[in-house]
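Accompanying notes for the structure given below.
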Amino acid sequence: MSKELSRRELLKVLGAGSGLLLIHCGPVPPLPGTETDYDWEAHFWGYAIDTTKCIGCNACMRACRAENDVSEGVNRTWVERYRIDAHESVRVDIADKGDYVFEPVAGDVARAFFVPKICNHCEKSVCSQVCPVGASYMSKDGVVLVDHQRCIGCGYCVQACPYGTRYIDPRTHMADKCTLCYHRITRGLQPACVASCPTGARMFGDLKDPKSTLSTVLRQGRYRLLRPEMGTHPKCYYLGLDREVV
Amino acid sequence: MDFVFPNEVNVTWTVMIVLYPYITGLVAGAFIVSSLYHVFGVEALRPVARFSLASAFVFLLFATLPLLIHLGQPTRAFNIMVTPNFTSAMAGFGYIYSAYSLLVVLEIWFVMRSEFIARARRGGLVGLCCRAILLGNLFESDATRAADHRIARVLAGVGIPMACLLHGYVGFLFGSIKANPWWSTPLMFVIFIFSAIVSGIAVLIFHYFVVSWINGWKVDQPCVRSLGRYLWGFMIVAVALELLEIMSIAYKQTEEWEVLGQLIEQKLMITYVILQFLVFSLVPFLLLAISALFKLRDKLANAIIWTAATMLLFQVLLMRWNVVVGGQLLSKSMRGFTDYFPGLWEKEGLAVAAVIFTLPFGILWVFNRIVPLFPNAERRSA
Amino acid sequence: MSGQLEKNDFRHTYRLIAVLVLFVVGAAFARWWAVPETFGQFGRYRGAAVASARTETVPRYVGEETCADCHEDQVELHDKDAHARVPCETCHGPGKEHAEAEGEAPIARPEGKGACLVCHQRLAARPGSFPQIEWREHYKFVGVADESVECTRCHDPHEPLYMDRDLRTARLHPMIHRCRDCHQGREDESLERPENHPPIFECSYCHGPIVEDFAGRTHASVRCTSCHIFFREDESTGRIIRDADPRFCLLCHRAADFRSDDAPPGIEWPAHREEMGTFPEDADKRCIDCHRENIHASEVSQ
């Protein structure tokens, strides 16, 4: 640490001639800007959704918006309602207007269910892969985040995400997305959507901790992933997911 | 079939992103025409060799403008070169674009040095600018001309793969997005290169005729005929590749065809099937075939070639539209489609697009005032 | 084109080369200077961005413990009833401002049927085991004629199932074990779906004659558990409704303005007691002292 030259000093030392030093790397301090002890290398966060428990109340969506001040017209999480009739014809809708309340709809239904959606915080996140400026990245504890001081708002990540969970924020004109409530989980709290779910349909936990609820549930192996063929290795595990949902 | 993810209702990439590959395509195409003369010695193309190089240059100047207008944070555009994240296909853009721009500028410098010297000697403010461009060195001899020629040749040679890279790379940006079945194909790289060449030749023909007509010049008949034949050949490859891509998906009847078929049927019937293929590919193909295979009177042949070239300009624009916008109309839920059509006056709207597309022609006019691009043009006998 | 070019013939390019070198060096230098200090610290991103992600936003959902600091009684009640797992802020919204102002800042108090129907509106997509209603049907079923009556007239949102707070004298049936009696030390989630639990017993297993007797009475269509509400406080008492408090019977039999005509027979209370005049003013006589025959025999001879 003590041997680190400041940038200005280095400028003087190098003079004008040696501009070929392209990458500047300093020593690694611990995760800064924190009042609590939080070791981000000790965790790897994952998420699970038990679709059989979701009642479609959209409390998660309201909580996410209140907690994260999500702009109008875009969503970090939402709940899809699937209604499938006897001929396997699938109708899907969401309640993203007004109070975010699902209204009853007429029509024959052979089976119906809700599927909450959220950023999958993929282990091989394609959005971070395609970000041209390194503004989208995965933290060491497994959360895909956006650096709002670097994002140029090109929208490539929005195109690349197979799950449609990213958006260009209409107010900041930058890419934005679910942060898994990084400000909460690093303080030992649950993400707002999990903390507000009345039925426990949303689960959040540490994949590095074999005793966590999430690890316990996942060990049973009875889950599915969304679009696994994309090779993104999503970390949002779906329990009891209908075959129509991909 | 009507569900769209909530964040997909508004299309992210607008008409600006349609314009961007269109303009880079014109750059790459025009550059390759100039290289046909400078590297491969196609003498017939000599009359448009400079014109094509200058066209490549002026379009290059504006290739990034639609991108800047589209960026949410245009002031951070240089982040792409400051902290490129090389796992991203897009990260190389800044470097590839800069390197190619540098190459084109250098080639212009070497190819047109004599003209710049002549203009600099005439004095005035423009002359002073030319002097600055020449870095104050107005020395010229047969030996320097020969040296310039040799360097230009090397640059033009290096420029061909770079032009292909610049534009094929744009295709790759789309082709590598695995989340989007309408884009995700390795063919995209090749399709973009060939459609770029088509649009480049087409814009040269279109513009050459227009300029000649305005100035009362006689068009160089062998040159136009030759351009027409090249256009015909390249358009066959380009359209064949475009068809190959869609036919193989359609024939294989895989899962993705279920949605892509509906996308074409419900959203792209007019712009893709009818306009891009049936009207703006088939008609120019037939016209160019006639002009290439039959002995026509010059006037008729010229009319046919000009019409075909103009139509192909639209064909390539339509192709860019159908790729860029078409891909975004399809929801990643694979269960529905959204809609998009740009407004006339919005920031990323049609008016701005039209201005961006017109500006290069204006700059080219200025360019021509400084360094004549058609020094040997003959006046049409009245 | 002359075949032999000498070094001198390229002299006019020297300035150009110099400019190019300057440009490349300058660009490389500008780039190096523009790279943020912490870029590349942890990976190909700005290290300091992680700290911003932690601190830029402040949690607004404060959690039940914070609520319990002031509203211990409410939280305690809430934790005993069907809404036990519904977090406070799911209905009341984020509590940060309210908690920080020590209650001076308002907290949302959702009103109207909509507040309940957000979860309890019957929807085809809701899991079948989840209690959900078509509220007009429900009102008709329980005999509420006045549609302007709110859910909260009968259901306290904090204790929706037990309806009347004073009825908490009811006791847990000794044979019905609490989940944790068997499922000790397991995670909460394993207790969430009691309806999936293999059946333990039916009332008739032990109380066969009473169940049989009940089937012939006026209340036959009412389920045992509708009255014999199990409560978790104290399993020492054999009886489930200890005193058959009149308020309990009145949940169905109250002659209220919002009841429809097909509601169970309505009783004006306490006028009914006075009308009968069979017992002194201060004796809080139980309904079943007179109406035993409407329910079932409590002792059935074998």
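Going in written order, the chains are labelled A, B and C, and every chain counts its residues from 1.
The definition used in the following text is that a residue touches a chain if its C-beta (ideal position, glycine included) is under 8 Å from a C-beta of that chain, and two chains touch if they have at least 3 such contacts.
All of these numbers come straight from a predicted model, not from anything done at the bench.
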Comparison of A-B and A-C (more C-beta pairs in contact): A-C
Identifier of the chain whose CA centre is least distant from the whole-structure CA centre: A
From chain A, the most remote chain by mean C-alpha position: B
Computed distance of Cα centres, chain C from chain B, in Å: 61
Inter-chain centre distance, chain A versus chain C - centres from mean C-alpha coordinates, in Å: 25
Inter-chain centre distance, chain A versus chain B - centres from mean C-alpha coordinates, in Å: 38
Residues of chain A touching at least two other chains: 134-135, 150
Two or more partner chains touched - positions in chain C: 31, 35-36, 39, 44-46
Per-residue overlap in chain B, given as positions that touch at least 2 other chains: 82-83, 85, 87
For the chain C and chain A complex, residues of the former touching the latter: 24-26, 28-29, 31-33, 35-61, 63, 83, 85-87, 89-90, 93-94, 114, 117-119, 121-127, 130, 132, 134, 187, 189, 192
Residue ranges of chain A in contact with chain B within the complex: 73-75, 78, 80, 90-94, 96, 117, 126, 128-135, 150-156, 158-168, 172-175, 227, 230-231, 246
Chain A-touching residues of chain B, taken from the complex the two chains share: 2-3, 5-10, 12-13, 67, 70-74, 76-77, 79-80, 82-85, 87-91, 93, 173, 177-180, 328, 331-335
Residue numbers on chain C that touch chain B, as the complex places them: 1-2, 5-6, 8-13, 15-16, 19-20, 31, 34-36, 39, 44-46
Footprint of chain C on chain A - complex, ascending: 7, 11, 16-17, 19-26, 28-29, 31-34, 38, 40, 52-59, 62-63, 66-69, 81-83, 99, 101-104, 109, 112-114, 134-140, 143, 145, 147-150, 179, 181-184, 186-187, 189, 192, 195-200, 203, 213, 216-217
